[in-house]
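Structure first, commentary second.
Chains here go by letter, A, B, C and D, matching the order in which they are written, and residues are numbered from 1 within each.
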Amino acid sequence: MDKIKVSIIGATGYVGAELVRGFVSHPAFVITDLVSRSFAGKAFSDVYPVFRGICDVILCDKTPEEVAKDSDLVITALPHGVSSQQVPVLLDAGVRVIDHSGDFRYKDLATYEKSYKLEHPHPELLEEAVYGLPEFYRDKLKSARLVANPGCYPTCSLIALAPFLKADLIDKDSIIIDAISGVSGAGRKSDLAYAFCETDEAFKPYGAVGHRHTTEISEQCSFLSGGKPGDIKVTFTPHLAPFKRGMLATIYVKPSDKFENVSTSAICDIYNEYYKDETFVRALPQGVLPDVKAVAGSNFIEVAGVYDDETSLIKLFSAQDNLGKGAALQAIQSANVMFGLDESLGLNTIVRGV
Amino acid sequence: MDKIKVSIIGATGYVGAELVRGFVSHPAFVITDLVSRSFAGKAFSDVYPVFRGICDVILCDKTPEEVAKDSDLVITALPHGVSSQQVPVLLDAGVRVIDHSGDFRYKDLATYEKSYKLEHPHPELLEEAVYGLPEFYRDKLKSARLVANPGCYPTCSLIALAPFLKADLIDKDSIIIDAISGVSGAGRKSDLAYAFCETDEAFKPYGAVGHRHTTEISEQCSFLSGGKPGDIKVTFTPHLAPFKRGMLATIYVKPSDKFENVSTSAICDIYNEYYKDETFVRALPQGVLPDVKAVAGSNFIEVAGVYDDETSLIKLFSAQDNLGKGAALQAIQSANVMFGLDESLGLNTIVRGV
Amino acid sequence: MDKIKVSIIGATGYVGAELVRGFVSHPAFVITDLVSRSFAGKAFSDVYPVFRGICDVILCDKTPEEVAKDSDLVITALPHGVSSQQVPVLLDAGVRVIDHSGDFRYKDLATYEKSYKLEHPHPELLEEAVYGLPEFYRDKLKSARLVANPGCYPTCSLIALAPFLKADLIDKDSIIIDAISGVSGAGRKSDLAYAFCETDEAFKPYGAVGHRHTTEISEQCSFLSGGKPGDIKVTFTPHLAPFKRGMLATIYVKPSDKFENVSTSAICDIYNEYYKDETFVRALPQGVLPDVKAVAGSNFIEVAGVYDDETSLIKLFSAQDNLGKGAALQAIQSANVMFGLDESLGLNTIVRGV
Amino acid sequence: MDKIKVSIIGATGYVGAELVRGFVSHPAFVITDLVSRSFAGKAFSDVYPVFRGICDVILCDKTPEEVAKDSDLVITALPHGVSSQQVPVLLDAGVRVIDHSGDFRYKDLATYEKSYKLEHPHPELLEEAVYGLPEFYRDKLKSARLVANPGCYPTCSLIALAPFLKADLIDKDSIIIDAISGVSGAGRKSDLAYAFCETDEAFKPYGAVGHRHTTEISEQCSFLSGGKPGDIKVTFTPHLAPFKRGMLATIYVKPSDKFENVSTSAICDIYNEYYKDETFVRALPQGVLPDVKAVAGSNFIEVAGVYDDETSLIKLFSAQDNLGKGAALQAIQSANVMFGLDESLGLNTIVRGV
């Protein structure tokens, strides 16, 4: 069978590099164009020397139309506001697209425009775009023309919350998400704030109110609970931690009246049952808690929960690699679904080990 | 004036080493005995080579009685259960004591015994012991014979919560404390879990329910709000982060009915007013959030808060050095108070810089 | 074609885990037994949670005879002195073996026994054992029954030195190797010296004289230059650096009289020519220097050199992953050769990316 | 006694911050002006929040003339080429100066101009400037108007080499210095190369030939051996290591004919004897090797040496904090000498501990 041709626009950011890592060993895809305005003319492996001899594709600065010509799938890893300009061009050229920005993740236009402080040039695409969380939207992904790859914090939060939201087991007004991300989440850039001497041995919250991922999580929580945008508003606080890759969410929720006999063991059972057929979601055994180390470099996400009977709160935990399940590798999982492949093809051996 | 003689029992753990760092440059104290069962006979600087030429005191394994003979103050950095045995001996010998374990931090015996799974051999000392948070118990510290130095998580949490608890501005049933600690909090020991290759690039929750500091925080919150043990029960989750020193708490609380016109600016004002005379508590300007880096190696603690008007929750943040304000340097602050010295003597220039 | 059955004895050390990472995605091999005395009965993924769902093989404590029964290849990652006991049993049982210890790396028995302070129980195997550096001993590996996988420092040093030794371009008495290793080189163990708080922000030499790899490098240098054991003695100093994986050697040598018109450009040409057909050796373009980051998580090794015309010395540089080309992945490269496979099968896409 | 007024020009780089750390707790100096063109108008503690409440001096952009007016000592932490412009102005205004650039470190003008690719605007100051290594130039420092604070690598190298050069115990043509520095050595700047995700888990050589510190070391080695510029040329290779602060040099030299009965023990004795009266040089006991961790945050430097009798080479090791003894704290040591103070005043308790 001919390989599926995939191109990446914005190939030299950390998400782009992780996409290359995933596709370069993928048995069903072949990389055609790697687009990078900053590094056009250089080899990808000049920018990421670890890929010397593995991916020496010459970076180009083709237009979206040109890229579309020789691709079956284009993955855009572009800033928001730029994606909303380029993605429609790609779609018009007849190619399928997975976009990594926030531009197509919302169904509610007003929420997007308020969150991103931008007017959307193509709001008609919001309805069509499929939110690229295969665990929840697998069927729609199969035929999707445009997939909005979820934010890293949203993926981490939603995988942890879904079983409880879907079964109405938690109080919808009570969701508090406290999350941390590794430094690669800030992207590949020259910025003193992310310099080694400023970041190492540091730890801090940021975006303490109004981080964009808050509204993305809220809208998806609303959908998962069977409601409409605006039904659920979550409290969300991100933090920056001194390691390269990884993300952990600690979530506090109140059990609803429907959750009878709530206990740590019951929470554990719910996760096990809900995710029993999912390759990439690990419902951990009771007594084991998620650890960033256990998912680093992979598309896996771990979930666990406990019940604090002193305060009658449920704590949910989830850990993923922010560039893996939180970004690039999840996009490959969606790509597998879009093209009718085994969903875990090329993904289930990608890990980092020690 | 003659210097005050201070001895440290358990001098070679990380808390012990930080005590030495603080006292060795302190203008009013002089170190007499450094007790270490494991390293007796060696120089302190053989265990911590960075102190070569700075503190070459030979470690001894004197009994508490012997240590008491030539000390005005003894600081015990011992495991719980051991402190409760040795501290009474020291007190009987007429010396004043600051203890770093959990053994004398509680007023409620039952809570201690349940939390630490130990029978207390000297419950009569619980009432007398002063909880060593100078910002709240300064007057009692002046004449205290026995000071229970607070846990690191409790200090970080209580400094953030106190102004709101004292003024009844938050819902007492709503307190959720999500906190992270650097690896030095686990102590100086050979344990695979804290090996470099296991800890670096990792991040995880631990003690997800029932961490001992939970009950310590709860009891002190009860007192700060004018109540009695058991009045307040907090939700608390600690996490381990890959850096040596530092601690950050992110706290979620609901404003009470008494908190009129709650806003980020109002929270900021409350902190500024409440801590305006405190040397070591930094109420940050609005828009600035605490960062572990900004307190590393010091006795300072930073606090800030925001109001999330989408979900009507207050978020409070505090950052300290777990070995500094969270342990050894706070003990020195208390020692200054106990001996009638300027509370910041020897402390306000101890920082780490870059 | 049936897959080749490979078993690993000593599967839960860091080398073992990297072997599992490599073989689990290898198209031609299948893992049968993973032997671990310490963790027998547990799943491999209980010890390395990152492998949950990827390698859940139950660890066993089979004897070498039992392991041999169902394996085509056994890889031993055991301490020296233990390997020399178990490997002969495996060979007697008819299985091929790649050993990771120092026990079969020497041709000269006396050098081994002096370096390792052990009497060798099976010196007759030293002659037969093939030194597992495919770049130099490819032909012998094809039919080898016993392969001694090289030490990490030796691989890094020899790849850098070989082109010059073989062509007699450097003064054999002048070789100085200054090298650093990441912490994983010390193995997976509970040892205060490798605790996070003791290792992070630290850097030091160790084994300043007489590190075992010195004699291994010397013997192989002697062979590469066409001589016999003892002909060359190198100066070697290892250092410990605060990162998990990676190794860098900086080598100082004097050009011999045979090296006419020595220059940085000439050194570059020699590397390019010598390694032009080698998949895993990257002769870097002039002006680029090896970086641990560029080889992390891979079987690649980078080399470069410069000529310092002020002091008439050549500096050679090489970087590899100490667990990759320096240990486990090189063993897989040798395994490919042993079983007549494409030498890079399963290896040329294993990288770590960001 | 009135305090000595010190000002710092270039106060917000990492060297500047370490100078502030040192002077803020110094009993004999008081900081007057902190000059920063980039941050003028802000508090120093806005740039370095760890200094909030400790040093809240408002940064200014005064001219050198203005700074000189109210200072007894000015320390310049400026780029080379800028120092050579501003320092003469300061001297003309009658103030004493310690300069951190390379502009006044050389006696030989041609070597400076070749190394720095600059024409020196005030070559007449080269002769007057005192090289600020108190251990070697203490007497000249006492009355110096202009002190050239040594480079970090030169300090680390020269302290290790001096006893052997002075006594003619090593072959002058044989000196090879292999050294590593923490990331703070690159300064405080927005540069992708020093971003956390690019630097963590990385290690590489740089400036493989012709690093500027090479000629500085060579000239000083020539002087220490009683010769003139050009007599000695060293081989020097710097490397970048993933930690914030610290530096280690591993030096290879051949013993000269004058070094009778060379042995590790003899080397140890030479260090002990030579540095027996030096507060900040630690000649380590035989069997102990320098470690960056043991000097971090201090003005101490550790030295040790071994003799490799297999190859007849001496290995010397030295470790210091690149910002401490390698820069700012050494400048304070020189300042103490310049103003007739106890040389260790304010310095011998500055350490980092854990």
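A few remarks follow.
Note that in this section contacts are C-beta pairs under 8 Å (C-beta built on N, C-alpha and C of every residue); 3 or more make two chains touch, one makes a residue touch a chain.
Model, not experiment: these values are computed from the prediction.
Simply put, of A-C and A-B, more C-beta pairs touch at A-B.
At the far end from chain D, in terms of centres built from Cα atoms, lies A. A separation of 37 Å divides the Cα centre of chain A from that of chain C. Averaged C-alpha coordinates give centres for chain A and chain B that are 38 Å from one another. The set of chain C residues that touch two or more partner chains comprises 14, 184, 197, 200-201, 242-245, 291, 293, 296, 354.
Across the complex, chain C meets chain A through its residues 14, 17-18, 20-21, 24-25, 48-54, 184, 201, 244-245, 279, 282, 288, 291, 293-298, 300, 302, 323, 348-349, 351-354.
On chain B, the positions that touch chain C within their shared complex are 14, 183-184, 188-192, 194-197, 199-201, 242-244. Residue ranges of chain B in contact with chain A, taken from their complex: 173, 176, 178, 180, 182, 197-198, 200-206, 208-209, 214, 233-235, 237, 239, 241-246, 248, 250, 252, 264, 289-293, 296, 306-308, 310-311, 313, 315, 317, 319, 354.
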